[in-house]
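Below is one structure, written out as structure tokens, with a few remarks after it.
So that you can tell them apart, the chains are marked A, B, C, D, E and F in the order they are listed, and the count of residues begins at 1 in each.
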Amino acid sequence: MPQDPKTQPRYTGIATFMRTPYSPTLAEVDIALVGIPFDGGVTNRPGARHGPREVRNQSSLMRIINQATGVAPFELCRVADVGDATPESPFELTAAHSAIQAFYEPLCAAGIVPLSVGGDHSVTLPVLRALAKDGPVALVHFDAHCDTGDFYLGSRFHHGSPFKVAAEEGLIDPLKTIQIGIRGGVTDRDIWKFSYDSGMRVISIEEFYQLGLSAVIEEIHRVVGDAPVYVTFDVDGLDPAYAPGTGTPEIGGFTPFEAQQMIRALGDLDIIGADVVEVSPPFDPSGNTALVGATLLFELLCVSALAWQRRQTSREA
Amino acid sequence: MPQDPKTQPRYTGIATFMRTPYSPTLAEVDIALVGIPFDGGVTNRPGARHGPREVRNQSSLMRIINQATGVAPFELCRVADVGDATPESPFELTAAHSAIQAFYEPLCAAGIVPLSVGGDHSVTLPVLRALAKDGPVALVHFDAHCDTGDFYLGSRFHHGSPFKVAAEEGLIDPLKTIQIGIRGGVTDRDIWKFSYDSGMRVISIEEFYQLGLSAVIEEIHRVVGDAPVYVTFDVDGLDPAYAPGTGTPEIGGFTPFEAQQMIRALGDLDIIGADVVEVSPPFDPSGNTALVGATLLFELLCVSALAWQRRQTSREA
Amino acid sequence: MPQDPKTQPRYTGIATFMRTPYSPTLAEVDIALVGIPFDGGVTNRPGARHGPREVRNQSSLMRIINQATGVAPFELCRVADVGDATPESPFELTAAHSAIQAFYEPLCAAGIVPLSVGGDHSVTLPVLRALAKDGPVALVHFDAHCDTGDFYLGSRFHHGSPFKVAAEEGLIDPLKTIQIGIRGGVTDRDIWKFSYDSGMRVISIEEFYQLGLSAVIEEIHRVVGDAPVYVTFDVDGLDPAYAPGTGTPEIGGFTPFEAQQMIRALGDLDIIGADVVEVSPPFDPSGNTALVGATLLFELLCVSALAWQRRQTSREA
Amino acid sequence: MPQDPKTQPRYTGIATFMRTPYSPTLAEVDIALVGIPFDGGVTNRPGARHGPREVRNQSSLMRIINQATGVAPFELCRVADVGDATPESPFELTAAHSAIQAFYEPLCAAGIVPLSVGGDHSVTLPVLRALAKDGPVALVHFDAHCDTGDFYLGSRFHHGSPFKVAAEEGLIDPLKTIQIGIRGGVTDRDIWKFSYDSGMRVISIEEFYQLGLSAVIEEIHRVVGDAPVYVTFDVDGLDPAYAPGTGTPEIGGFTPFEAQQMIRALGDLDIIGADVVEVSPPFDPSGNTALVGATLLFELLCVSALAWQRRQTSREA
Amino acid sequence: MPQDPKTQPRYTGIATFMRTPYSPTLAEVDIALVGIPFDGGVTNRPGARHGPREVRNQSSLMRIINQATGVAPFELCRVADVGDATPESPFELTAAHSAIQAFYEPLCAAGIVPLSVGGDHSVTLPVLRALAKDGPVALVHFDAHCDTGDFYLGSRFHHGSPFKVAAEEGLIDPLKTIQIGIRGGVTDRDIWKFSYDSGMRVISIEEFYQLGLSAVIEEIHRVVGDAPVYVTFDVDGLDPAYAPGTGTPEIGGFTPFEAQQMIRALGDLDIIGADVVEVSPPFDPSGNTALVGATLLFELLCVSALAWQRRQTSREA
Amino acid sequence: MPQDPKTQPRYTGIATFMRTPYSPTLAEVDIALVGIPFDGGVTNRPGARHGPREVRNQSSLMRIINQATGVAPFELCRVADVGDATPESPFELTAAHSAIQAFYEPLCAAGIVPLSVGGDHSVTLPVLRALAKDGPVALVHFDAHCDTGDFYLGSRFHHGSPFKVAAEEGLIDPLKTIQIGIRGGVTDRDIWKFSYDSGMRVISIEEFYQLGLSAVIEEIHRVVGDAPVYVTFDVDGLDPAYAPGTGTPEIGGFTPFEAQQMIRALGDLDIIGADVVEVSPPFDPSGNTALVGATLLFELLCVSALAWQRRQTSREA
């Protein structure tokens, strides 16, 4: 359980995610909160390497029960901050990715559900490499960009391409992938061609507002079905008024309220992992981006805990 | 009347609320604008003690006529900045509250309508103690939190509990109390139990968007009726993108436009006082929180002036 | 064409608007991107003189194709950054306006379409003086204020009056003028009397949300018809959560998403020029106001390029 | 006397300079604290129009006795905040200067000593026009720039020229003028030619550190002698690490400690007026520039009060 | 030992002081790094409650060996972050002080040397109450204020009085107390009378620069001698250009370089505890105040480790 | 020549270094101002990739003549902004370095003197590789760190090692290398062993203040002699109060005034190139770091122009 705010004010103590115990040994952990302080894959503004620490800081404002849904994740399973997946060779993108993957291998092997905080979006790739050992998983992807791009500035791997690589490596199933909030200018008409060609469901921000929240939520369920699913939330999916501290902001995004409604609606999906990425504190003078990131992490924790409990129940049955 | 912006640019002169005359003697005042620079009741981020001064600063941008409603408050009654209700013993919560109450006693006894700027939300309690001498009043309460909590960190009084204490002291009528915008995680399933048990009408942000603005406005009228009513606006009811400078921000709130519509709809209620609280300038790098606070104070002034005029008219009749 | 982001990361190189070539000679330019670094007309917070430079900086994040509409402006016509319309006598409002006009005279005479970045809103007046040589043009005006005010602080010319002067000088046709997003307090009931008396169509923010986006877009088309039209976008039309860096912020505005939808809908109008004004970087700690300004400039470029192409086609036919 | 901080915390109450009473009628005032919210003369970054208000805000941190010198200015004479010298026509430099002068005329005629807070440095000119009615005064001038420049951008009057104009108009005596802290690049070898040709004593920052504080202080006394003297302090004389919020920062300046030592050493001069100028809050994220400005204003008040008292004593004798 | 920066970049991992292990049980600790997140004693700007967390964050930049002195504290003794001395009743000053004292009692009883990070300066009092059980200790006190004031705003205890109370309670020996950097205005000529009357050695900033660093250092040694000594460093002793994020800034202070020289010179004193206080992150936009605080904490650790080792050696001998 | 500030205010126009003409073709250039927007070598806080653009922005405040020395660089030689040395493969450190070197090869081959703005300090290495074709050059190195470290986090190349590599590659002569301002903690007693073993002259900040400016300047001349010399200025050599926007700040550095004196004293050295590195705008809320960087670049330009002229004269003789 997190530290008790009734005896310790929230701004006190070591800053772990949501004031959970710090458990670097992974002992007695069902859902692990992990930081991935790496931004070597950004194509524009850096700083997401400082994201985990600031999200930890702001996550002190989180509490233990979701007032809207009644979910109390810390009652459902054991949650701990297990520290950071540290890129030991931050100067090399692929070596860094390998180090991140190496951190997740034992964690995933132990059946622990990873909830991560980036870091730039490229870090989702090594997480999926560790997690999707039994075949491709479904993907719910909130973002302004499809991140299924190709070679860019001399590299196949960067924060604009992880899901193309993930699909090609068989880590995600494009037909069970849905990408929500897509917008912004493009440098090439075919930039997200891979998404469309591979059968991913792409919901632009314009379609998002035409469909409305309920229909989008239905569409998520239709695409994902009962497959094991990973949820990845790039804060640039939000309008930058809510999340200015990010590497590639695009105006005209959805709101945190809308994000909360969508995540809460995932409570019946078989979530096996999730992340919040692209929080860049140096571009976040008010700290609101990290606060939004921390709160969405809590929302993801709630639905992940429900899924974890269901799997436990069915396993025990 | 406020200083004339046609001869004096708005950024000039001593910063009083809305450039109104400074009248610490309370002479010739119908509606008093008061600062309450106290934040000794905050449970997290401090700084609201600096709120009145910065709201005064930003309120220079206010003008004299409400373009949307046509109300010209300064033509309806005499409005002045009467200075601050100063907590002479800021190191002690209850002594500070007593000092604040002592400031309001003569003001309320003189029939002056107080419009206050906090300070943390605990300051509404001493205002109500001075104001509700003739029995409990109705309450329209905009906030992310019900603020009807209990003992916390060793104190019954803090910025999360004023309305429980106010109800227990007979200052507000729970059955004529409506709380709008409630959301965020909770540390205890029963944290707002007092609101529900005492019959307050709690509209969560989720219900707010399900009902829609018109229905919420109707609900306010249904609950309050024609009772004398106090309106309290905690800026954390707004989404923190609009009001990051506050002590306990919660993502997913309503917008200033929605707040303006709701306040304007109170023009037919018998408002006897109002406040805007929890503006914390040190966490407000762009100054927008103080600007929002100043503008909502102007909206509250407009509807308070209407109520004042109606009471005058009926008294004279 | 802008610099290629596939070989040069967006944050590199000299900061021109959207990374277009710098062409101060106006040679081989169909649409000119121009800065107007002048804020001598502001009545409150200054700083818009620094707007062009910071919009140039943030505009590096722009790309070459509009994902929502498919428009690729740089394929349709030749676009360049032609530098700044410099006020050589910045200490005198009318002399500064003359210098700005002098910059635009040859540009407009050459048939080049000007897309400008202010600067305070007074700068639209000298642009129109250079542009509307053949009689009054229609005007689509996004703003919190009608800017049809009168003498103020001793001057007929300031950032609250350009469109009264423009109408009086026969530069715009009031009957083909539409003003969208109007709100905020007023110092005089008749402050925008000129708009109403002259027949301009004024859509307050309240009417904006009552009508809905589609109806507003229809209304724009009804008012403008097929007349040559100038589009002027004051960023204070947006809610200040999105655009805090501006001289006269008013809470309760529309969103960048709504702005984008409205601008995109102008693609069938005969746009002959446009501007984005009132970006004031010193009040913009996160840089988001400049990013919004840069993105709306890109949206305006897309629809201006369509109009340019249509005129070329019809001329060639 | 200022408000008592023992009963009212410093952050409370209306923000007047140093918490002194607000006395717009000039009654019972020996030394007047005046704001001059005008920045129409700046040649680069604006914002000093907001200087008086923010210096008032930060000046709450001032106290009543100078610990280093023992001077208690409020015991020596009556000090009040008399409000702002408002430029009624801020869009015209010369008209604005006239309005400022008009504010000072009766004040100076009444024998009140003016201590002003700018505004850009051009505002010292109209103050001197009101003050130096009986012939040229001596001048102690702290600054990075001599401000004796010529026509610039079409105007003879701007914040880089007041002291050339003042000398030409016989308001200051160049032979009794000393300028301290001069540095920075120049656009013309002869830019400060007027200072040298007219016999002003110019101490560059390099000479300042070669001479040392004591010798500089001696030099001030040698130049000024027992003439009535005006002291003008441009905060850009300080290194911008201490005063980043200013219009024309130049690195390599002196420190606030050195400034304090120099001002305190003026206690035996016949000071008849003083100002602190060029505080530009929009460029001052930490507020330190305004704090420095407020503290130097207090230091100037202390030495001005000593001079006032000496004149009283000699008059009475 | 701190985490190895050669395998883990400094910005990664849970933020403990200087990346030391987190040891809330106090096991295997010789020198304890403690946070005291309490600012209920401030008389002006709050926010120091957030100081420990931000100093922890910035302290990641610390390394393990003092390049200037060669001291390697982590080789000399076992250093750990033991968490925060949490005020469980933050709304009551004396109760909060009791809770802080209670945290230190077992720590001091175990012979662990406490190095603390405030919090406002009032927190040094409860630390001394736990530490000085065997009679008064000497005190080296860096500050702009003597902090030996009296009743203020209704309270004997606040951040301007701890050393008067400490002397009166026999926790410090005034004759072995030295206060360095004193300056700023005063509200009362006798405000620091207690310091002078009780025989404390007060070095104003003016005397500091007259004496020079070497003489000041000699004076410290003369006053303290070989008594056990506590070192307390209020960051407002520094000029606010270096430490703007503090509650009561005073311009004209010493530099971090000078502070470093003074602390390093304490290496032969019998230091039994130390603290760095008054870091207030909400007023520290660049983070430099916290960085300075973290670095001075490292300097204090180095000299404290030397003293610890000497005591060990003499004990073993 | 730079744009004329007498007709164009400094804040106007495209932001090139010091408002010089933009000459990407290298035609008619004697001294080239180059940006190197790369920060892939930082070991801590990123953001220096945005340094060139912000230094360009702030460099508008530069003027054309050095008031202290009388040097007018633009009269001595042709100076232009030639754009950025763009790392085409920013995700790979060595590939990025190669791309940077490739930009400099033709520039150096043409005998153009490069003055560069980083970027992190690793970028000096590829510049030296292009520049030092005729054997090792002397080096004057201002910095808090020797930057002669070894393998770190898996890489031999990073911003802490360029001068070890440069010496090993024969690009610089260690015996003619002087490093000034060294300080801060170290992770290893031997971290700068290479500097000492190879015979570089290391002046710590403590020695710097013991020697005094004159002696340091003499020491620079003694070490460098009449060898061709490269000057590299890492802004973290300055105290972070002056330059907070940098990747690895260390408190206790020298001042900009001292830096200016040292650079000006290099006017008789045979400077063949220079750079200013490690300006990181995201950590620079006031912009002062970029202003300092721009001003030191101007100082370096002045002394480089003198050297260039001497070489021309001697070549012609």
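Convention: a residue touches a chain if its C-beta (ideal position, glycine included) is under 8 Å from a C-beta of that chain, and two chains touch if they have at least 3 such contacts.
Not measured: the values here are computed from a predicted model.
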Set of chains adjacent to chain B and to chain D: C, E
Reference chain D; chain at largest CA-centroid distance: A
Same-residue or different-residue interface between chain D and chain F, half as cut-off: different
Interface copy of B-E among A-F, A-C or B-D, judged by whether over half of the contact pairs recur: A-F
Rounded Å distance, chain C centre to chain D centre (Cα mean): 40
Contacts with two or more other chains, residues of chain B listed in rising order: 7, 9, 11, 43, 45, 49-50, 88, 90, 153, 239, 241, 283, 285-286
Set of all touching chain pairs, with the criterion as stated earlier: A-B, A-C, A-E, A-F, B-C, B-D, B-E, C-D, C-F, D-E, D-F, E-F
Residues on chain F engaged by chain D in the complex (per definition of touch): 5-7, 9-11, 61-68, 70, 72, 239, 241-242, 255-257, 260-261, 285-288, 291-292, 295, 298
Parts of chain D lying in touch with chain B, wherever the complex brings them together: 7-9, 11-16, 22, 35, 37, 49-50, 52-53, 56-57, 81, 83-84, 86-88, 90, 285
Chain F partner contacts - residues on chain D that touch it in the complex: 43-45, 152-153, 182-189, 204-206, 209, 239-241, 244-245, 248-253, 283-286
Complex contact set, residues of chain C against chain D: 39-41, 45-47, 49-50, 88-93, 95, 153-155, 157-158, 282-283, 285
